[in-house]
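Consider the two complexes below, in which chain A is the common component and chain B and chain C are the respective partners.
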Partner chain A sequence: MDIRIENLFKRYGVQAAVDGVSFQVKTGEILGFLGPNGAGKSTTMKMITGYIGIGGGDILIGDKSVKLHSAELKKHIGYLPEHNPLYEEMPVMDYLRFCAELQGVSPADVPARVRQMIVDCSLDAEKHKKIGELSKGYRQRVGLAQAMIHDPEILILDEPTTGLDPNQIIEIRKLIRELGREKTVILSTHILPEVEATCDRILIINKGRIVADGTAESLRRQAVGQQVLVVKIEDAVEAEVAAELARLRGVTGVTGIDAAAGSWQIQAVPGSGVPRELFRLCVERRWVLTELTPVETRLEDIFRNLTLN
Partner chain B sequence: MKFITVISKEEDLMERLLRRLPVFGAGGRRGEQGDLDERGRPEEGSMRHGREEQGDLDERGRQEEGSTGLGRGVRKGQGEVALHPFWVIVGKEMSDHIRSWRFIILLSLIGLTCFGSLYTSLNNIGTPKAGPPGANGAFFFLQLFTATDGTLPSYVVFLNFLGPLLGIAMGFDAVNSELNRGTLSRLLAQPVHRDYLLNGKFVASLLVIATLFFSLALLMTGLGLIFIGIPPTAGEFLRVIAFTLLTVLYVAFWLNVSILFSVRFRQPATSALTAIAVWLFLTVFYPILVRLVAKAFAPDPGPVAMMDGTLAGYQHTVVNLLRFAPGQLYSDATTTLLMPAVRSLGPLTMEQVTGAIPNPLPLGESVLIVWPQLVGLVAATFGCFVLSYISFMRKEIRAR
Partner chain C sequence: MSSVWVIARRELASFFDSLIAYIMLVLFLGFSGFFTWLYGSDIFMVGQASLQSFFSVAFWTLFFFIPAITMRLLAEERKTGTIELLLTKAVSNRQVVLGKFLAAFLLIAIALLFTLPYPLTLAALGRPDYGQIVCGYAGLLLMSAAYIAIGLYASSVTANQIVAFLSALFISLFFHLIFGVLSGQLSGSMGQVVDYLSLSAHFESLARGVIDSTDLIYFLSIVLAGLLLAELSLSKRNFE
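What follows is the complex of A and B.
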């Protein structure tokens, strides 16, 4: 099921939490939702799930508006909220059974679904404990199991990996990737490598507005604007190297990382052939080039760039 | 692990058995592996079953549901109708109540008073009573609930003040605790109507209360039967049932009061205290207040006042004022139901007494006498429920 969001608004008092957001997610796509705290990520997600009412604009899920078909659409959405509220006095199995029944899973399917979720979310060791006795990681898994118990076509996960240990994070990411093949997944997170590892597309939101939308690659291309190289040149005089490097065509800046040892960082115009020129220069001057590494712009930098300004 | 395998085997067996029954049609759980495989192409599955079970109503209903075109997730109602969300909530709330310490403590308290009063009434019932023959003697069995020698109050009196406590305890955190924990908005993000939650909570508590009081009443009847050796007559038994229904209604009123406060107040402690304050006021202070005020306006108790009906009218007014307290309504009604000799609530007039045969009333007549009390209790309960329903439906639930 596709999700189409058109000019979405939400106000909390005078403050606009979501201010005219529009985007689309297709079936089989995993969308990573990024943004600083208070950017409007959770609010947008809550509006998609029907957790809170929408202020303005519209959300269309499979061509049906949440304004008109809210109850029907809720059956197709699995949602893991940020704070993950749970009935603490209930045992895990009972809770999952309750959620499955509430979602209208037929009584014959309920035990199988509960078992499947316990396997998928590795809850086997704790399945008879009360939820209140579980650690944060296990609670998160229970929340995730609840979101998926009725096998929804849309999964909205608000920071799904918080509180999980590294092994579990990898497992959950794998699970999300698998689910994402046939479902529509929107997930928000603060862990940027996670977005790159899991998501097909990234949406960065700041102060209620979308500031970037695309794959990790395309975002990089947009944001970079310059090529960064790290080089190490040996058997050369420091001052001479600095001067010569700066003189190369296409180079916009040279900074020494450890100049005495021959390590330099070069900023250059992309596609100006600086690496070739550099190699020729070294041959000409009989310098020994021991390292030439293109530095990728990190997603963190892109994020900072887009959300701090 | 062995235990789990046994369970799943039993489940499979049950399913196979159920599938053979025509009522359940093509029920059946898919294998866990098949579950994943079939998810992508549910049409095949429904076609397959659809052909097999053309005549099955449930199956047809399911196909119609599927044909709405909006994806399908887990296929619903394969031969079995999914449980209605309302009853899912009722089931969950009931098991919550039964497991809670709060309920266990109150249950043991009420059980204890029940057996205590049964013991005193059994001791007391054995001694021959002085008084008009036939009046209470004909309904010997009902004395189990009302007889006392003064050391311990009777079961009826105990229920009059423990019942409200039970009702309050079961409802004071019904809505606000869920709101505070954030589970309320999570629950409402599921495909359930908002009023299912409140109605479900009310019905679940009511069912638990009804089960509790009916079991206690039947237990008392049974024990009484063993100890006094006289079986209750049909009339007596019906009176016990009517009394129990009345008790459930009375507790339901207090349950609704506390649910109302749980919708209005954010903190469970506030709503519990408010409900207890209302209960204390209505059961302890209100009668005192009415009597104090009434004393000031009392007419001169001379023969003139007696004759022209001023005194009777005054007493009527006082009793009616007292009846604003639900406890008074309850005790009026229980007294009449369990003591068939009672033929009027409030002062007796000369017209009522003239020509009356001093015999116990039949059940119908007793119910007729307490009809206003019953209607009053039902109205109060309903009023509270409507208030809490409206304020719950209009409440803004902002997700955390």
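What follows is the complex of A and C.
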């Protein structure tokens, strides 16, 4: 099922939490919803799941508006809310059974689905414990299990990997990637490596507006108009190197990282062949080039650029 | 399986898991048993094969116990945030409210079921009026339903259980006592209205063994009003 969001608004008092957001997610796509705290990620997700009303605009799930068909659409959505609220006093098995029954899984299939989820989320060792007794990582797995119990076509996961240890994070990411092949997944996070590892597409949202939309690759390309190189040149005079580097065609800036030891950072126009020119220069002047590293712009920098300005 | 029943069953199980059910049963049976058989104007003192004294004790004990049972129903879910998970499942606000109502009602029904030995004992002692006893039980159930609906509404407007308990008790007190007292003070049409609103008058006529449609309509309208208001306050989040 595709999700289409059209010009979505939501206002809390005078503050607009979501301010004209439009995007589309297709079946088989994992969308990473990225943004600083309070950017409107959770509010948007709550509107998709029908927990809070839509302030303005519309959300269409498989061509049906959430406004009109919320009750029917809820069956197709699995939702893991932000703080993963669960009934503490219930044993894991009972809770999953309860969720399955509520989501309209037919009584004959309930035990099988519960077993399946316990295997998928590796809950076997803890299945008879009360949820309140579980560690945070296990609670999170129970949260994921209840979201997927009815095999929904759409998964909305609000910060699914918080509180998990690195091994569990890798497992959960793998699980989400597998699920994402045939389902529509929207997951929110502010852990940047996470979106790179799991998502097909990234949506950066800030102050209720979308500020970037694309794959990690395309975001990198569009966010930075320059290439950054780190070089180390030995057997050379510091002032001379600075002057010569700045004179190279395509170089827009030279800063010394540790100039005395010969370490420099060069900003250049991409595609202008600066590395080649640089090598020739070194040969010509009989300098020893011991390092030439293109610096990849990190997603962190893109994120900071987009959300701080 | 109907979602209402799924919710009711979970809620009922959690009453028993959290000991609330046992405490309530023990206290209810203790109080009503003590005053029905052992102390005050008990059955032996009155000397009649009638459960009148039990009904008037239960009338008061249920009044206090029901807000204690209903206070957590929605307030706790609000506090812990589980309401978000519950309402984003394939259930409507109405089904949630009805499920919770049903759970509390079943708990009260179980408590009343445990008092079944009373009429059985009475049957051994003398020849009680069975019609009246059935009516009395029906009256207690109807009254409980009304107070549960009020308590459910009080629980739906706050995330604080104490607030839910006290406001449920406060609203119920009007029906239980204050309207009755006022009707004695006021005269004319105002007095009549207040008199009709007094729950104790309707309960007493049922406990005497008189089934009147006005009484039934009265109880059912309180139940309906409470449940609708609770549903409304659950759906408020959609319009804010």
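Worth pointing out:
Following the convention adopted for this analysis, the second predicted complex is superposed on the first by the 309 of 309 C-alpha atoms of A that agree within 3 Å, B and C clash if a C-alpha of one lies under 4 Å from a C-alpha of the other, contacts with A are read in each partner's own complex, and residues count from 1 in each chain.
The working rule: a contact is a pair of C-beta atoms (placed from the backbone, for glycine too) under 8 Å apart; a residue touches a chain by one contact, two chains touch by 3 or more.
For clarity, every value in this text was computed on a predicted model and none was experimentally measured.
Taken together in the superposed arrangement on chain A, chain B and chain C clash.
Contacts of A:140 after superposition on the shared chain: neither chain B nor chain C is touched. In the superposed three-chain model, the partner touching more residues of chain A is B, compared with the other of chain B and chain C. Of the two partner chains, neither chain B nor chain C is touched by A:161.
Touch criterion met: A:153 reaches chain B, while chain C stays clear of it.
By the touch criterion defined above, A:182 lies against chain B but remains apart from chain C after alignment on the C-alpha atoms of chain A. Across the superposed pair, chain B and chain C both touch chain A at residues 46, 49-52, 71, 74-75, 79, 81, 83, 85-90, 94, 98-99, 101-104, 107. Put simply, chain B touches chain A in their complex at residues 8, 11, 15, 18, 27-32, 35, 39-40, 69-71, 73-83, 85, 88-89, 91-92, 95-96, 99-100, 181-183, 185-193, 398-400. For chain C in complex with chain A, the touching residues are 1, 3, 6-7, 10, 13-14, 17-18, 80-92, 237-240. Residues 46, 49-53, 71, 74-75, 77, 79, 81, 83, 85-90, 94, 98-99, 101-104, 107, 146 of chain A are the ones that touch chain C when the two sit in their complex. Those residues of chain A whose C-beta lies close enough to touch chain B in the complex are 1, 46, 49-52, 62, 64, 71-76, 79, 81, 83, 85-90, 94, 98-99, 101-109, 111-113, 115-116, 119, 150-153, 182.
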